[in-house]
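In the two assemblies presented below, chain A is common to both, partnered first by chain B and then by chain C.
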Partner chain A sequence: MGAKVITVTSGKGGVGKTTTTANLAVALASLGYKVTCLDSDIGLRNLDVVLGLENRIVYDIVDIVEGRCRLKQAMIRDKRFPELYLIPAAQTRDKSALSPSDMVRLCDDLRPEMDWIIVDSPAGIERGFKNAIAPADIILVVTNPEVSAVRDADRIIGIIESEEKGPAHLIINRLNISLVKRGDMLTADDVISLLAVDLLGIVPEDENVVISTNKGQPIVLDSHSKAGQAFMNIARRLNGENVPLLDLDGRNGLFKMLGKLMREGVK
Partner chain B sequence: MTGLMDRLFNKPSSANTARQRLQLVLIHDRANFPAGQIELMKEELIKVISRYVDIDRSKAEIAVENEGREQRLIMNIPLSKENRKYLG
Partner chain C sequence: MKKTENITTKGKGDKLVITCHQHLGTEFLEEFQAYIMQNEQFLHNAKIVLDVRDLEINANDLFSLRNFLNDHHISLAGVYSTRETTNTSARLLGIPTQSSLNVIDNPSKLGNKSLDKAVIIQRTIRSGNLIEESCDVVVVGDVNPGSVIRSDGSVVIWGKLQGEVHAGRSGNKNARIYALEFNTTGAKIAGVALEAGKKKNKEPEVAVLEENIVRLESWKKIII
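This part shows the complex of A and B:
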């Protein structure tokens, strides 16, 4: 049938694109699919360390495109799953080493072998971003509930629409429930209505993400963590399942509390 | 609990401030029309319009607004009461 290509992008750096890419790839692989993830951030390779595969790199994406190796030689197999592969970015080149048509061709070569191809985009709105969205069937925009990340997400969504690659799907990452309750963080509903796009998932702030990244073991492998569950739910939604949002207890906290009072009465 | 008290007493939270600032910033970003330029345009328009009719300059408003993903320029320029005198 051929794989679906998903590109994970954001505009602003540091909002969790690479973490999202790694976790969705691992989640889909754990559901039994054949998955290749592709790091298109040339010069700033990172997906390898987040997946814990940094010691096994021999060839990279630019080596494939420039014909120094075969496609299969640059695909690093993640031994935790039968069919999860990484194609790493080149570390010593820049974004001009790849073109959008290189990316389309590379993904077309991979499609027959895979169920999912997940492309990690660099930050920004220039060449690297254009490369990353060129082969995409589905584009995921990752943002955090804060002003600069939301503003940049809006720019990116506008560009995705004007390139007729839309509609973009939104992932709100690092929602801090206690800040939301205090009224000191935008709610998920605020972000959704500001950006006027469809929500794919909300990932709560979770210190276990830092720990799992330290170890090179994506958080989705830890089924007890809220962030891990959130990423697994997003993967299942991509797969067409109807999975309700996690109860993060951060939305409509006031109304929930009043509702509870009214149901229970004052004792 | 402070969040609840603030909301009950209608004290603006920093999240509300963020939302309101973003609403404006996104409007100007999408239209590629910075807020400062709108002010300049407003001054010029007021000059032109006042050549033809007396207007209440202090109440003149001009803004880009969102309707869904569509953007429009909204002008609201009240005529001054002086005009009515001449008419009546």
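This part shows the complex of A and C:
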């Protein structure tokens, strides 16, 4: 049995692909799986920063493909989880340093030894994106509840379908409940009805994500954070568990419990 | 004509639809060729549509099959299959497939007497998709922002229209655009754009070209 390859992509930049990749990798590793993250954003690498592994890079993905090092030499082991590895992107090269078949070959070499391989895709629909989706078994499309991000997600889902790599799964990131309630933000339902793909999870806006990203400590390690819980739930859903969506309404606590008690009391 | 259990022939319009009922696998080609030879006289000069159900045929086999049929003065007018591989092979060779052969029984009700065919597309038309057809287009699904449909005939959308649609592209003023929800400013009929300033209406509507103005009317009045 080999690993499954997940590619995290979005079309638009800045929606949280790298954050999602890092958090899902840490979440799956914390569930006891062997996980390798692959940064395919050659020239604009930052998965290493988000994972807090930046100053341990010696070799990168292009070094492996061009034969300057063995696969194992470029795999950085995370000290928090002994079965979590990162293969960083090259910073001094560009997307043309890799081809889709290089990515397929690299993932095939990794598959026997891993449970999950998570590929962080660059923004855009060009070479880098094509490289990232080439080895994928599962494609996760990350979007924000904003018109521009949803348009780009729609475009990218169209390309995934035409390359017969689908169906894509959707993650809605940075949903701001108070904006939605005021009617100033697209709701999750608006996004799903336009994109017409399976929803894998909704991650609420959480300022702690920025702090944790800067520190190189993925938010999923913080069990009090709603965003962290949401990423953990997504990882468990990928693993085949049936986890209900988080209650993001904020109306938790006494009133909700009372309401539930009253309804159940009437029965 | 002689009969074989696995293969049946049925007339449809000016064509004969030959259906292969059982999964014959690799023996399919031999059995089919034998069937053609047996019925050579009956099939002489016929236009046939081959319905191979879930059988996978690669482009090479389909190419030699078409040559075989041509040698026997039979023209292959289409291939039906539930397998994408087979459909792709057919498209590669320029042989019509099921999606391009689906015929709407009474096209005149779509405001369009000259055309007799429609392409049926059963998926969401996404941003960046471009659909260009010389016949009517029926979409079962939404047409998302950033997509473009151009047709010489009418366009019927069983979903929400948010993309760009140009019906009657080559000047057919009777062409129409139907949608369950009309939410676009990019609708044109025979080069005339939909008049602006119309408020959004969450009801089925149809765009009609009259006196050089494209207007939206309720779709409920029209019975298809």
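We take it that the second predicted complex is superposed on the first by the 249 of 267 C-alpha atoms of A that agree within 3 Å, B and C clash if a C-alpha of one lies under 4 Å from a C-alpha of the other, contacts with A are read in each partner's own complex, and residues count from 1 in each chain.
The rule we apply is simple: contacts are C-beta pairs under 8 Å (C-beta built on N, C-alpha and C of every residue); 3 or more make two chains touch, one makes a residue touch a chain.
Keep in mind that this is a model prediction, so the values were computed, not measured.
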{"item": "Superposition on chain A - do chain B and chain C clash or fit", "value": "clash"}
{"item": "Which of chain B and chain C A:Glu146 touches, first, second, both or neither", "value": "first"}
{"item": "First (chain B), second (chain C), both or neither touched by A:Glu163", "value": "neither"}
{"item": "Which superposed partner A:Asp154 touches (first chain B, second chain C, both, neither)", "value": "both"}
{"item": "Most chain A residues touched (candidates chain B, chain C)", "value": "B"}
{"item": "Contacts of A:Leu186 with chain B and chain C, given as first, second, both or neither", "value": "first"}
{"item": "First (chain B), second (chain C), both or neither touched by A:Glu66", "value": "neither"}
{"item": "Touched partner set for A:Leu194, first chain B, second chain C, both or neither", "value": "both"}
{"item": "Touching both chain C and chain B, counted on chain A across the two superposed complexes", "value": "151, 154-155, 158, 194, 196"}
{"item": "Residues on chain B engaged by chain A in the complex (per definition of touch)", "value": "2-4, 6-7, 13-16, 18-19, 21-23, 25-26, 29-30, 68-69"}
{"item": "Chain B contact footprint on chain A (complex, rising order)", "value": "146-147, 150-151, 154-155, 158, 180-187, 190, 194, 196, 253-254, 257"}
{"item": "Touching residues (chain side chain A, partner chain C) in the complex", "value": "151-152, 154-155, 157-159, 161, 164, 194, 196"}
{"item": "Chain A-facing residues of chain C, complex", "value": "84, 123-124, 126-129, 141-142, 144-146"}
